[in-house]
Amino acid sequence: MLGNSLFYKHTFAFISVSLKGISQVILIENVVSGAIILLAISITSVPLGVIALLSSMIGTLIGRLGGADEAMLKQGLLGYNSVLTGLALFLFLTGSTHWIFSLVGAAIAAILTASFMHFMKNSGIPILTLPFIILTWFTLLVSYRFTAFHLSDSLVPQSLMQWELDITGEVDFTQGVFNGIGQVFFLDYTISGILLFIAVFWAEWRLGLAAFIGNAVALLTSLALGGEYSLIFLGLYGYNAILTNIAVSVVFNSKRHPFSFITGGIAACMTVPLAASINTWLLPYGLPALTMPFVLSTWVFLSARKILPRV
Amino acid sequence: MLGNSLFYKHTFAFISVSLKGISQVILIENVVSGAIILLAISITSVPLGVIALLSSMIGTLIGRLGGADEAMLKQGLLGYNSVLTGLALFLFLTGSTHWIFSLVGAAIAAILTASFMHFMKNSGIPILTLPFIILTWFTLLVSYRFTAFHLSDSLVPQSLMQWELDITGEVDFTQGVFNGIGQVFFLDYTISGILLFIAVFWAEWRLGLAAFIGNAVALLTSLALGGEYSLIFLGLYGYNAILTNIAVSVVFNSKRHPFSFITGGIAACMTVPLAASINTWLLPYGLPALTMPFVLSTWVFLSARKILPRV
Amino acid sequence: MLGNSLFYKHTFAFISVSLKGISQVILIENVVSGAIILLAISITSVPLGVIALLSSMIGTLIGRLGGADEAMLKQGLLGYNSVLTGLALFLFLTGSTHWIFSLVGAAIAAILTASFMHFMKNSGIPILTLPFIILTWFTLLVSYRFTAFHLSDSLVPQSLMQWELDITGEVDFTQGVFNGIGQVFFLDYTISGILLFIAVFWAEWRLGLAAFIGNAVALLTSLALGGEYSLIFLGLYGYNAILTNIAVSVVFNSKRHPFSFITGGIAACMTVPLAASINTWLLPYGLPALTMPFVLSTWVFLSARKILPRV
């Protein structure tokens, strides 16, 4: 009986940490938020929800087996890159075996997370989602060389020489508001977006507000600069701004200077041209920008703050 | 009255620092040299001169508002990347609003400068002009995705598969001697080049000599290796060598081993194949190499010196 | 007489260190192994053997002249990147003067080795063969801009848009077993491969076993994933796995956890998709992956071990 209750306790603790791993994707450490996010993913696609939970578990497990620091593990920090990698590989690879690559990818993401943590330790700057980005880019390109990998038709290499910009498309602000946050988890379903906002507000109202403002800033910036409507209202300029504003204005902003909230907005704004630029760099390879704009913009502002403390 | 004189004092100090920001582009901290350089830019194009001065002011202002270290600010170290970014975006973007992007770019360059300073602090290696290079490359590629950005016709993506090398062109050594230093500021006007040499010699004869030798080394190397005459005599293989020789032989050479001057020459020499290589890497994106050859060559030799002290 | 014997002693010491430089290519510090490797290269091509020895000498000489730490020099650590660079430039450049570029490259490789050592010092992670890789990639691309450089016909830029995967080819397991190790030195001659295995086993049986297992893991992985037979049996998926398994399981594995040998195998396994991916990244430039998969996989696992000590 005692053994049984211990088993339940451990299982419960493990699931808690795995849900935190899911919430850490949006820089939140909160079991309930993690559960709401898992629901948001699952109502878009149940298999995707399963992959998200399993990926987080795998990441955490690798961390535990590898002997990671307990405090770090409990925060879900070994899980979020695995979650994103699992989701991305499940969606961007096809064929009957893509779920295997997806879960193996989740395992490698945990190793890569540890690796990047070591390399960036001295800088005092968080690794964010870089392990997921690098791993996903590299894995997707593998498909050109091995028959076992099947790339989704949505990823097509293009030449910059033949590129023509056509920004026309449908205007839909409801979509624009809720798809931005949805795209953090590759979702473009309005109800999922609403659930994700609830998950963020549940954790802390400041985070929810930062998410909302980040998205609004991105919508306005991308419209003002004349971006493609099809991308803007799918939320593809929004998700990086949301993450960046949460990171720069709230999560990694211990001093809370009054000016630092403006900095967060500027950093969110910067993800828009960054996304455009990264998409251009990746055009010949047909790769998606993923959360690279968020990582770069957040790194720039967090590190600049070490030299310019009032930023 | 007192307030008035204080105002003049502050304005004068601010302009001094901004001129130092301009001179720091060629690794010099000297108000007069900065003023001569500003003149050299302005006689080529008055708007370009205005952009240079405003950009340096903006960079310095961001540094001050952000709370940068006073000593660093006074040396003009928050200005030079802004100057180069302002000039580059003004020249490589077109359309009626390019000056806005140019000045916004100058502001972001200061943030990026602070960011890179933090990341490279532990290495003991200077960031040089990397913030300008990265920011300009990223910004120019944004133009493929937003209608508000208009790229200059001079920047055309090309495929390496269709690339044909044709080195023929006019031989003009006068141009070759004075355009090299002019190209540091994107100028190809002989009198501007002469003024720039004067600015460097004014600061220190050693710097002037290093600039001259760096350019000569680059001319000889690029001719010996069989480079394109059109690039060589426009000074496009020279400006990186000038900056590199100044950096490796004089500015960052505190010990002044007799052999270290030869190292400077070798480092200058290395910028020539580096420029060729970087141009090839960037061909599919139609981007210019900017001062990347200078940054890479200088980094290699300054860091090698830490392990090989006699280099 | 005394002077004469001193001369012989110094010459002997210099040649010993140069042979160690050759053996360090496969992470071994052993004069005899170096000599056997030199033999393996020379029976494939005598000029290639001469280049290998001269390159190692040049690297060591630059290290000595530059004032490198004596202990580091004696281990041959200033030589191995020069050896690889010399070989690669000799093979991938053509024309009557390619041996000059090859030896100049060997000299620059030593400078680059010192540079990278400085930048990575604080990370506690070895630089491996990164200087060779970066230098070779940059040098090969120079050929598109200077008539003095002639690129081998085997290196052709291709567009990912036109890429068609065709994995058919001849199956030859004998080749597969011995070419893997041969490709570390760009060799595909079976007897050279056998000699290289002897060189590794001579140094330590554990290293030989790790080499054999690394290669076997790569063969199985690349066949299971459906790779191109023409590459697999030429050993082009094997050499990185061999180096990685030697590095992760033996050389940089001071604690020798039982699980760490499995980690070595997984790291070796990872070089296979990494090679595929890097080849895809480089396709538009027509560059070979060289030992980049080894460097990346080894870095990931060695650095992950600092956070996950049981890996």
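For clarity, chains are labelled A, B and C in written order, and residue numbers in each chain start from 1.
FYI, contacts are C-beta pairs under 8 Å (C-beta built on N, C-alpha and C of every residue); 3 or more make two chains touch, one makes a residue touch a chain.
Chain identities (UniProt): A, B, C = Urea transporter.
If you're wondering where the values come from, they're calculated on a predicted model, not measured in any experiment.
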item	value
Excluding subunit A, groups that stay connected where the other chains sit	one piece
Rotation, 0 to 180 degrees and nearest 5, that superposes subunit B on copy subunit C via CA atoms	120
Mean-CA-position distance for subunit B and subunit A (Å)	36
Residues within subunit C bordering two or more other chains	122, 159, 284
Touch list for subunit B against partner subunit A, complex	62-63, 65-69, 108, 111-112, 114-119, 122, 138-139, 141-142, 144-149, 156-159, 284-286
Interface residues, subunit A side, partner subunit B - complex	122-123, 125, 159-161, 163, 165, 167, 222, 224-228, 270, 273-274, 276-277, 279-281, 283-284, 299-301, 303-304, 306-311
